[in-house]
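The chains carry the letters A, B, C and D, assigned in the order they are written, with residues numbered from 1 in each.
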Amino acid sequence: ADVQASLDSRRIAIDKVGIKDIRHPVRVRDRARGEQHTIATFNMYVYLPHNFKGTHMSRFVEILNGHEEEISVASFQTMLGEMAERLESEAGHIEMRFPYFIKKQAPISGVASLLDYEVSFIGEVRDGEPKMYIEVVVPVTSLCPCSKEIAAYGAHNQRSHVTVRIRNRGFIWIEELIELIEREASCEIFGLLKRPDEKYVTERAYNNPKFVEDMVRDVAARLNQDDRVGAYVVEAENFESIHNHSAYALVERDKEVE
Amino acid sequence: ADVQASLDSRRIAIDKVGIKDIRHPVRVRDRARGEQHTIATFNMYVYLPHNFKGTHMSRFVEILNGHEEEISVASFQTMLGEMAERLESEAGHIEMRFPYFIKKQAPISGVASLLDYEVSFIGEVRDGEPKMYIEVVVPVTSLCPCSKEIAAYGAHNQRSHVTVRIRNRGFIWIEELIELIEREASCEIFGLLKRPDEKYVTERAYNNPKFVEDMVRDVAARLNQDDRVGAYVVEAENFESIHNHSAYALVERDKEVE
Amino acid sequence: ADVQASLDSRRIAIDKVGIKDIRHPVRVRDRARGEQHTIATFNMYVYLPHNFKGTHMSRFVEILNGHEEEISVASFQTMLGEMAERLESEAGHIEMRFPYFIKKQAPISGVASLLDYEVSFIGEVRDGEPKMYIEVVVPVTSLCPCSKEIAAYGAHNQRSHVTVRIRNRGFIWIEELIELIEREASCEIFGLLKRPDEKYVTERAYNNPKFVEDMVRDVAARLNQDDRVGAYVVEAENFESIHNHSAYALVERDKEVE
Amino acid sequence: ADVQASLDSRRIAIDKVGIKDIRHPVRVRDRARGEQHTIATFNMYVYLPHNFKGTHMSRFVEILNGHEEEISVASFQTMLGEMAERLESEAGHIEMRFPYFIKKQAPISGVASLLDYEVSFIGEVRDGEPKMYIEVVVPVTSLCPCSKEIAAYGAHNQRSHVTVRIRNRGFIWIEELIELIEREASCEIFGLLKRPDEKYVTERAYNNPKFVEDMVRDVAARLNQDDRVGAYVVEAENFESIHNHSAYALVERDKEVE
C-alpha cells in the first residue's frame, strides 16, 4: 500500500511540500579558480495537487544523492527540472545556501586572505518557466554620518550586513555582485590586515560615512543600471556599536512589472 | 546640523527603515488570567520618501519606552499609528515576537503545567489603512502514516512545528488559534505528563497518524471555515526522527483576493 | 512497572541527568523596582547512582510548576534543595538564563530607556554544600587602540560582549556586576541617545581605547578587589568592524584554591 | 609604535587570547575516500604573560591562510606548534568545527546516501605537551522504554543528539567513533530510506528502547574498553516528541587521573 499515492478528498492543494534543511557537499563555479568546494543546506519543494494524499519525500533525497556527491551550479538548474519531472509536479522550488570564499588582497600591503560570504541560489519553475535568484550577505563596515558630524573626533562604526537578492536575466558572477556591494559601504572588510592596511581602512571608513539608508540606496542605484538584474531586494543591517539593537533599511524593485 | 533631515537627490524611496531586534518587556492579553508578562523582540519600520536623507532612529525607541515600560495588545495598534505620525510617514510596520504561556491540563491525570509557544503580532499601516496579523508556532507530535502501515509494530514519530499566520478581520484569542492547530496534530504536547497521561498520548498519536501534508490541509480546512480569518499561511515542519532533515509543507490562501 | 526505578547492573553512575531548555516565566529581584518579570530557560540535573536505571523526569517539571507559576530569586536556592531531595540525589545542578532589563539614563540629556542583558543564575549542590554563580553578558562599545594610534583620524570600534561569571560568597546585585563591567569598556551602550548623548559616547570611546586584552584585565582587576567574589571567569569578544571574525580574550581565577 | 608589544603593568596574565569564529575551507582525512572537503569554523588562542599589553591578532589569520587555502588533519597539529611559536607563547589552543559526511547504506535496500555529522578537533599545547580531542555530534533515534511499557501499542520516539568528546591516546577514525555511538542508539538514522528500510528502522527502534540514561551508559561502557580513549565526556539529548523540552544525560571520565 503506497499511502502517499492514495487519493485525497479534502480538495486543498499544497503550495509547497518537500524536504528542508538537508546538508550536502557541493562545488560552485568560481571566477578566479574555476570552482570551489563548499557545504550547502538545501530546501526542495514541489506543488501537490489537491487530489493526492502525499508526495514522495525519498525522491528529493535521491535527486540530491544522484548528482555524484557534489553539485555544480550548472546542475542546479537541471535538478530543478528533474525534480518537477520525477515528482510529477507542475511547479518546483529549490534553495541552496552555502558559505562562499573569495581571496582578497589587503588594500596597501597586498597580503592575501580569504573572506567568507553567505550565498544562496534559489530556483523556481512553474509550468516550465524557470526563474533564478542569487542572494548574497556581505559583511562590511558602516560609519555613522551623524556621529561624525556632531563629535569633535571619532565616529561610531560597526559591522553591518548588506543582503542583496536579485532575479537574474543574464549571467552574473557571485564575485561581481559582492564587489558591487562592497564598493558602496563605508569600507569593505578583510580577513587579514597589516598595520598600513588597518590605517587605510580606518581612514577610508571615516572619509566615507553612510547610514543604512545610504547603503541601500547606493546599492539600489547600481542595480538599477545593471540590465542583468530583473528584480532586487536590498537590505542593510547595522549591528550598532552604541546600541544593543540594529538599524535596518530595505529597498525592493521589480523592473519587469513596472 | 540635522543630517537625517537633509534633502536627498538619489530619487530612491526606502520601503522600510527603522530598528530591528530590540527587546522590551510587554504585557499580553490572556484569556484565562487577564494578562501575562513576557519579553518581546520588536522590529519597527516606516516608509521613507525619496527626498529625505534619513529617518530618526531614536524616535522608534522613544515610542517603545513611552509606553510605561510594558506594552499591552491594545497599545500595539496605537503604537502603529503613533509611529507613522511621529516619523511623518505614510506607511509603517511593527513586528513583536514573544514567548507566550498557556496552562494546560494533562489528558488523564488533569495535572496542570505551562507550555510555551512562540507568538508574533504584526501590524502594517498604509495610507491610514491598518492590517493586523497573528502568527503562532505550535509544537506538536506527528506520527508517520507510512511507517505505521508498513511496520509490524511501532511507528516513527517526532516533534513538529505547525506555524500559522493569519490576517484578522475579527477578534481571535491566541488560545483559540493554538487549540485549533493542536486538535489537527497526531497529538498535542504538554509540559508535564504522569504515567497514565503518557499512555494516553502515545496511543492517541498511534491512532491518529498524519503526514506534514495532512497537518497543513486539516488546519487549512479549519481556517477556511472561520470568518474571522481573512488570509492565512499554514506551515508544518517535522524534525524527522529517522532522518537528519525536516519534512515540510505549506498552504496559503487570501480569501479577500479570490 | 516503574521502569526508571528498576535496578541497573552496568555499574556506571550518571554525573548529570534531567531536563534541558524548558522555558518558564519568572520574577527576579530588581534593585530599582523591587522585582521584574521575565522569561527564563532552565536546565535541571541531578546525579544518578550506578544502581538505578533512570531518574523521574516529570518531577523536575513538577518542581518548576509548583512554584506558583513564577519563581523568585529566593526560591531558586529552595528549588535546588527541593530537587535533590525529591529526586533522592546527593548532587544537583540548576541553570536559569533570562533577559534582564535596566533603566539607564543617557549621559547628557538624561533621557531614560531600558537596556537588556543576558543573565544566568547557576546553582550546584553536592553533599548538602551549595555553590551559587551569577553570569552576565554585557554589550559594550570597544574602540581599537592600534587603529587610533596609526590612523590620522577615526578609529574602528564595534559592539563587544563582556561575559563575567562569578561564584558568590556574599550578596551582590546583578546591577552592581553590570555597572562594574560597563565602567571598564571603551564606552557603555544605551537603548536611546539624543544628539548630545551621541556626541558624548562617540568622544568617550575615542578617548578610552581598549583591546579585548585590556577589557578582561581591567574587569579582572576590579573583581580581584571585591571580597564578595570567590572565583570568576571574564571573557571579552569584539565583533570586529573591520573583519568577519571576533577578537577574544579570557581570564579566570579561583581565589579559594590559591 | 607597536601598541600590542608595549609593556603592561597590571600584573594579570591572560589565559586565552586570539581569534574566534573565523571560517576556512579545509580537507579532512576520510577513511573511505582518502579525504573530503568541508568548511571549518576556527577558534585560535594563546596564553599571554602578564607583562605584555597585547597579542598579534593578524598572525593567527596568517597561520590559517598560510596552509595553502586548505588544511589537512595532519597540518592541524603542525598549526598548533606553529601558533605557539610565532606568537611566542608557552600555551596554545585551537578548535576546528566542521560538518563531516559519511556515505551510508540503507539497512535493507542498500541504497546509498550521505549523512552529515558535526565534528570538532580540539588541540591544546602547554609547555610543549600537546593534547588532542575529537568531538562528534551524532543524530540518532531514541525510543522511550517507559512509553513502550505502558502503552497498548506504539511508543514515543524522537531525534536525539549523542555528543562524545574524547581525548586521544592513539589514532582513531572519525568513522569509528560515530559507528560506536550509532550502535548504542535505539536506531541509527539515514539520509535516504526506501519502504523496506523504513519498516526496518521503525521495528528496530521499537525492539530497542533506550532512555537518555541508557544511551550515555552504553556508549560510556564502549569507551571504557577502548584503550585509544584517554578521557571522555558523553552527552545525550532527546528532543522529546511529547514535550517542548529535552531530556538530557551526561557521563564523564578521565582514565588518566584515576
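Here is the rule we go by: a contact is a pair of C-beta atoms (placed from the backbone, for glycine too) under 8 Å apart; a residue touches a chain by one contact, two chains touch by 3 or more.
What you see is a predicted model; the values in this text were computed from it and never measured.
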Chains touching both chain A and chain C, listed by label: B, D
Chain B against chain A, contact positions shared by both copies (same if over half, else different): same
Taking each chain's C-alpha mean as its centre, the one farthest from chain C: A
Inter-chain centre distance, chain B versus chain C - centres from mean C-alpha coordinates, in Å: 29
Distance between chain centroids, defined by C-alpha means - chain C, chain D (Å): 26
Centroid spacing, where centroids are CA-atom means, of chain B and chain D in whole angstrom: 35
Shared interface positions of chain C, touching two or more other chains: 22-23, 61, 116, 146, 191, 193, 244-245
Chain contact graph, described as a line, ring, star, complete graph or other shape: complete
Residues of chain A that touch chain B when the two form their complex: 1, 3-4, 8, 10, 12-23, 43, 45, 48, 53-55, 57, 61, 145-146, 149-150, 211-214, 216-218, 220-221, 237, 244-252
Parts of chain C lying in touch with chain B, wherever the complex brings them together: 22-25, 36-39, 58, 61-62, 65, 69, 99, 101, 103, 111-114, 116, 191-194
Residues of chain C that touch chain A when the two form their complex: 115-116, 139, 141, 143, 146-147, 150-159, 187, 189-191, 193, 195-196, 198-199, 201-203, 205-206, 239-245
